[in-house]
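For reference, the structures are reproduced in the following blocks.
Below, chain A partners chain B and then partners chain C, in two separate complexes.
On to the complex of A and B.
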């Protein structure tokens, strides 16, 4: 075990752990935000640069500070390392710059976007971005594309985190989905708009940190803060069958996997509870699900707005 | 105990004097007050022939604005409904189809939009929450009705007519829409 100090909090972690995962072991405010890193998908990380932290002392053997800010998702900890995240003004300023860059090509169509309310870029923009943009050039624009008949791709909103490509790589057996071209021109695409017809392709909606990949069965149906997230189970042969159903009254508007506080799909019984396309897109009948209770939502989340415990309880009694 | 106000009067059942019994001085005194008020300027007006001048920020009946090209500004983002403390606003959204670009500004629009005017407390938070400058409160007064359902205003009452625009320039211009 090696000792590392993050924001004056000491923690002991396994050798080879990244700074981000060490911070997640502490939890709370010291955890840097991550737009591209996804702990359940090996190979992700190092692209978005939102998780930059200051390393004030490299290790006990070599206590010199690292000259540049380091991407915490891909930097391994060393014994005696001192890391600054919340306590460093430099980190805050730089992260604001990163957010400004991410927002250069990102349209400000949050009032339309289905991801609004659970979007990580929205949170980051609120925390770090200024209210005005300095960018005067035209944003790059694409027409929305269908990936299969259930997923909509808004390339305008994509921040090229590559998470969905890793889902297609690691979760599905035959990949027809990836990133084409380079730099400014890079875009997520299917090979000549081939449909992704794998049973688990819907998970790329869940891993997308922004609203680039959205559920077509939920498209423009409602806003997330009007829906009640409920934990539900069903007997499914393909996946764990444990999901979150988003209800409006007694209707199921959409089904997602269970996500933790970092926006990642939860581990249930030591297996990541990805859900299959049948559960996600087809099962919209409340009788097909065994609804076990309301999902715990952070009190400060916009999703918890206007929701009172009594209301959820009442809804539960009606269904159960 | 010390009294809280100085308006307390001690009641007495002393019998009235003759001067008080003939009542005429008291009647004359009362008529004097009446005459004095008759000569004063009236505080009331003859509504609806006359109307009062409204403050430029008066919060009356809502309007859903259209843009310069006559397209509806509202994109059914739901922020007015979530900001509404009285939960008076409900909406459903729909996707704009090809060929409807002249009707709706954005790719999503409100296919139905209802405000329950009996619930509305005219606080103006919906106007403040709106990111698209679509909803404004105006100086129009919500009319009285006999039935409760007539107070649920749908899009036919809320959206301004293309040839009969509602002027809201007197209200503060937030300039949110230009801040792209």
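On to the complex of A and C.
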């Protein structure tokens, strides 16, 4: 076990752990945000740069600080490493810069976006973004396209985290979509309007940190915060059958996998509980599910219940 | 007197691109010497002694890079030659490969032997397709003459050399993006660590070197590393190919001894012979488009008033405040008529076009800078835009996966640092900025004249 200090909190972790995962072992405020890293999908990370942290001391053996900010999701901790996240003004400033970059071409169509309420970009914008944009140019736009009959792609909202590409690589037999073009013109797309048609393709929706990939069976049906998430099980031969059904009254509006507080699909019995497309898109009848109880959601979101209240309380306390 | 030439001395001999003529003029001597008389470690040792530094831009000591190569049992090692020369203002590798292809082949054989690689690659940019044919012809000749293949020169050492073309993306000149592309994937740079020396091509230890670096191994092995180190000043040893372009009387590829003064290089009779059409020097980018631009008064002299020399250290003297970098040796000269804002916009457009789009600061930032600069250049800019550019720069620099972000940010930052009044002039005189250049009418020219 090796010792690492993050924001003055010491933690012991296995060798090879990344800074981000070490921070997650501490939990709470010291955890850097991650838009592209997804612990259940090997190979993700390093792209969005929102998880940049300052390494104030490399290790006990070599205590020099690292000159650049490091991507915490892909930098392994060393014994005696000292990391600054919340306590570093430099991190705060640069993270703000990254958020600004992510937002300049983002349509900010939260009022009509299905992801609103569980969108990581929304959270980041709330925490770091400024209220005004300095971007005077026209935003980059694409037409929304259907990829397969169940998934809608709004490329305008995409932040190119590559998570869905990894899902397609790792969960489905054949990847038919990917990133085309480069730089500002880079876009997620399928090869010649090919349909993404695979039993596990729906998981792309769950991993998408923004509203770029949405569930066509749920689009515009309801805001997520009006729905009641319930843990449910079914006997499915393709997947674990353990999911969350989002209900309004006695109706199931949508089905998702069970996600943890970082927005990642949970491990159940040491296996990531991805759900299949049948469970996700077809089983909207409450009788098809054995509903076991309410699901506690830490939405980690700007509009999760009480979040505004706590922020305001904190502010009032400061003043008072 | 022009200095010694180690790489392109024989370029003008007719037929040097063929094996026979090249061999008659002392070619492949380093292969014979290395394979027959030296162990691989001895070759690495000579390269270390030579003080050779990577000629692709970063200037990392080659011997040290080679000694970092992991050597696990039973795992192949690779040498990859980076011939994806795409830096605007740099065209030395193209010249070398086109005129004297066997020098690169010879360097590849000797270097591969030193590193214990049995398959080596030359990754060449897609636009150089005609050079690919030149290289393949040279490889076929070398193979026919026993310099490649099994049991080279009876030494028991086997080597295959493969030329692989890229699709013509600047980013594939970044070593890990190059490896991805060579593996047949999208050329996105990889996260480091692990470095290629540990996990490179197909997960095996790999060394990636520039064409000129590999070519320089030939004279180092032939004459010995110490002999090579005698040329140059301090930690900048040997000779360097400089691609001189811009408003010069005699632009072109020059092989210089490290340590020639910048003044001598621009104005000397053996080199560029001064600024074309009797005009005055306005600015110079000494190392390819990615390095900071220098205004005239900092080109030939450092901020401390010393002569600036063509070495890694001297060009970087003063840091980014008043220095630049030797980079890949893409020496771009601007005369008094050139518009710095326009030039900066051109570079920004290039980087926005070439960003791979993988990490957000570079993808969004380069595009944003391009648009702001476009606005400034076309007379729609505001004073806030100049500050905005500086801030975008700061947010990109150092925050990206690969150095492309830095390469995009530095030229813009330096242009604003040294030519801020010219940017401001574009804001205050939008109409004039469309028809004439700042340099002609402003007092700075007097300042330049005084030097």
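The rule is simple: the second predicted complex is superposed on the first by the 297 of 320 C-alpha atoms of A that agree within 3 Å, B and C clash if a C-alpha of one lies under 4 Å from a C-alpha of the other, contacts with A are read in each partner's own complex, and residues count from 1 in each chain.
In the analysis below, a contact is a pair of C-beta atoms (placed from the backbone, for glycine too) under 8 Å apart; a residue touches a chain by one contact, two chains touch by 3 or more.
What you are looking at is a predicted structure, and each value in this text was computed from that prediction instead of being measured.
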{"item": "Clash-or-fit label for the pair chain B, chain C on chain A", "value": "fit"}
{"item": "Touched partner set for A:226, first chain B, second chain C, both or neither", "value": "first"}
{"item": "When both partners are placed on the shared chain, which of chain B and chain C touches more of chain A", "value": "C"}
{"item": "Partner chain in contact with A:132 - chain B first, chain C second, else both or neither", "value": "first"}
{"item": "First (chain B), second (chain C), both or neither touched by A:216", "value": "neither"}
{"item": "First (chain B), second (chain C), both or neither touched by A:259", "value": "neither"}
{"item": "After superposition on chain A, the shortest CA separation from chain B to chain C (Å)", "value": "17"}
{"item": "Common interface residues of chain A - those touching chain B in one complex and chain C in the other", "value": "none"}
{"item": "Chain B partner contacts - residues on chain A that touch it in the complex", "value": "108-112, 116, 131-133, 219-223, 225-226, 302, 305-306"}
{"item": "Chain A-touching residues of chain B, taken from the complex the two chains share", "value": "75-79, 81-82, 87, 93-95, 106-108, 131-132, 179-180"}
{"item": "In the complex with chain C, residue positions of chain A that touch it", "value": "45-50, 52, 67-69, 71, 74, 76, 94, 97-98, 100-102, 104-105, 134-137, 140, 159-160, 162, 178-179, 181-186"}
{"item": "List of chain C residues in touch with chain A within their complex", "value": "169, 171, 186, 191, 193, 352-361, 363-368, 371, 375, 388, 391, 394-395, 398-401"}
